[in-house]
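Both complexes shown next keep subunit A, but they swap its partner, so subunit B is in the first and subunit C is in the second.
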Partner chain A sequence: MSNSVSALLSATFYEPGYEHLVELVHQRDPEARRRLSSLDLSAYGPDGKLLLEHALDTRDETLDLGALLAPTTRGHGRVMAVFDARYEEDAFPYRPHHYAYVHRTGSATPALYYAVSAALGGVPDRIGDMSRLNNFDTYVFRRGPHAARYSVMLGNVGRFAPTEAQVFAYYGAERVEETVFLGPRAHAEVALAPERGGQPLTRVETKSLFRLAGYVVGRREPSGDLVLFDHLFTFFK
Partner chain B sequence: MTGGPEPEDALILCYCTMLTVGELRRACAAGGWPLPGKENTGRLCTGCLGDFLYCQSRFERLPRETGGVIS
Partner chain C sequence: MGLRKLAKRVLGVQRQPTYYLPWLTRPHLQCALVLSNVESRFKVGYNRGSFPVSVVQYDAQGAVAGRHEVTLPDAVEAVELPLPPAPGGCGFATVSGERINSDLYVTLSDGLAYTATHGRGEFIERYALPGRLLLAMVGGLLGLVGRAIPAFVRHQYAYVGPDSRSHLLVMNLSNVTNRVRVVASREGRVLGARLLRLAPMGSTLLDIGTFGSAPGGSAPGSAGTEVWRLRLEGAAWFNLYVVGAGARNLEGPLSLMHVK
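And then the complex of A and B:
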């Protein structure tokens, strides 16, 4: 094994009241278990305030994010959970992936399974053509009713630089724009109307100076249970 | 943009090229940026671009005594 260590920073959002389990490494080859060199978790309030730092045991395969964050984050609502991983290139020729399971505790609403958004790293030169931009993201909604409320959650994983993000929602030929300001490690949820002028929400795009952690969110009414939690997709691909 | 917190040298600034804050600080102080092999800093995943520009602006305007060593 080489001594070449790579880095990957991924982020998700945790809300109280949910079971939220994270696979530290999404294994496709159970006969050859792979482990990260190290993995640190930190959590931030919406204003970017550091709430928790925790070194994880990379021998663990699954992290109970809810159990870890619930006591610390009480009263903060949404929290951005940041995973800072170091890994050997030989063990992860592309990059490690974290997947997560989220389910409202006690709810009959089905659980969601999603890929944790990679925001920093994971795309070194060795992967190949990196000429495409990846700070323009998009998400196309499926047709028909899906959730009663939609939103985009955006987090700035930068440690020093603030940024502005533009969120564009599309309703037929109409485009609605909203700009959100995010300080370092700050995050926001931008509501998206499910329809406008009789036209349903069909697509959302986000644009920023640099890549952010971002998810598209759908909630059921009146419970507010999550029925959609998915990362956006690179616009130019 | 240079009045914020002082970045620590050990921090990894670019997760794609593994550039550290200290490497950038020393390169800026010595007029040696970009460092060989680090030219794509900020251009790959782009996630560090804001922090990179913050640090570069800070270090080019406020060079610190580093002994002129480019690592």
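And then the complex of A and C:
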């Protein structure tokens, strides 16, 4: 192992009732067999309480997140799963990335495939264009159909520092702000009203002191099945 | 000079920067683009005035199925553009606009709720006539034995369960006929191979079920989704989107998602 190991910290949210499979390394080249140097998983309740720590075998290609978390997270509802990866530049000249597949078991609602939110990636000499502001994001909604409710899930991956996040929802010209306080490793789902004053929800922005794990979430009514679980987009790219 | 660069020079390939999004329509599913320039809100030179946008929709055979001219009134207001069904039921749409510097979304709706993903800023490969003829000849010969020129290789996981699965929308981002060989394997064992023949700028929806059946012994409603490996190799530039399905498979609501 070289002495220039890079780091990647990613996070997602697990909810009971879903099959949730995470690709530990995306686009594996079977000939080269690229592997992370190490990968640790930890899971946290909404208040930041540590529920589970688990060292993963980097020879595995995918992880059944539900099988691992369901027994220990029962009664906690949403859980934040944090992936702490180390990798060598020789093996990954580009930053590795986790992708995932999620589906409500038994549901006709389609499976979703998504990129796991990379909250912290790289070490200083490999951050490159990541030195830009990456904690001011946005997402645009369609004006219909309306049988879904929307929210943003935010998680503080910081080990020691509490933070606050501002969530701005837009309804035509009107802007509604909500501030969320998140302790270390705490997380929250911020509901977005579907309309206000007759105007539909058109856009959301999130702003925080440092980068959070963040997803925009859509749930089909009345089942609550996920129809949207995606990253937001930065203003500064 | 690397082999790839040399081949590009010999074949006379030019890469034309292009932003594109996949589209997919089914009798029960509407597809609409969401166009905006919101990420340019704070970018000087990109955030003032209105923004004309041109959309070209290509069908599965690569023919232009529609052209749409849209004007975004300002940097933050989004415009929804429904894409009409076109031959083959899938394809991609290119989007151009001088001062557009924002990701754009594509949505699939069953009339009640919608799924969404975003497009990609990449390129279209344009081959000169000699290159097109050479690829057609070599690709045609290899195609006789079920092979493709492995100039570009992608790996993608596919998910196959009793009540959900992932298919692929494969898009030929070039002006040559592109033969793409897809090999599916499970736990090191090859399940099957398919040779796709994509017309220039054409696309196809690859049904993962054509490689094998869902896991046996798992009743609908139970877990037990299998992870399959797909290896795709093609002669010219191509890309793919994952198409997510639920318990009703391709007859139900679907999702689209970009890959890395």
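By our rule, the second predicted complex is superposed on the first by the 215 of 237 C-alpha atoms of A that agree within 3 Å, B and C clash if a C-alpha of one lies under 4 Å from a C-alpha of the other, contacts with A are read in each partner's own complex, and residues count from 1 in each chain.
To be clear about the criterion, contacts are C-beta pairs under 8 Å (C-beta built on N, C-alpha and C of every residue); 3 or more make two chains touch, one makes a residue touch a chain.
Since the structure is predicted, the reported quantities are computational estimates derived from the model, not experimental observations.
Shared-chain residue A:119: touches subunit B; no touch with subunit C.
When both complexes are overlaid on chain A, the residue A:197 reaches neither subunit B nor subunit C. Note on subunit A: of its two partners subunit C and subunit B, the one contacting more of its residues is C.
Touch criterion met: A:66 reaches subunit C, while subunit B stays clear of it. In the superposition on chain A, contact is made by A:107 with subunit C only, not with subunit B. In the superposed model, A:75 lies in contact with neither subunit B nor subunit C.
Look at A:93: by the touch rule set out above, it reaches neither subunit B nor subunit C.
Within the superposed three-chain model, A:142 lies in touch with subunit C and out of touch with subunit B [touch as defined at top]. In the superposition on chain A, no residue of subunit A contacts both subunit B and subunit C. Residues 5-9, 118-125, 130, 133-135, 156-163, 209-212 of subunit A are the ones touching subunit B in the complex. Listing the residues of subunit C that touch subunit A in their complex gives 32, 34, 36, 38-39, 41-42, 76, 78, 80, 102-103, 105, 107, 109, 111-118, 154-157, 159, 161, 163-166, 220-223, 225, 227, 229, 231, 242, 244-248, 252-255, 257, 259-260. For subunit A in complex with subunit C, the touching residues are 19, 21, 23, 26-30, 61-62, 66-67, 97, 99, 101, 103, 105-115, 138, 140, 142-143, 145, 147-148, 170, 202-203, 218, 220-221, 227-228, 230, 233-237. On the subunit B side of its complex with subunit A, the touching residues are 1, 4-5, 7, 11-12, 14-18, 40, 42-51, 53-55.
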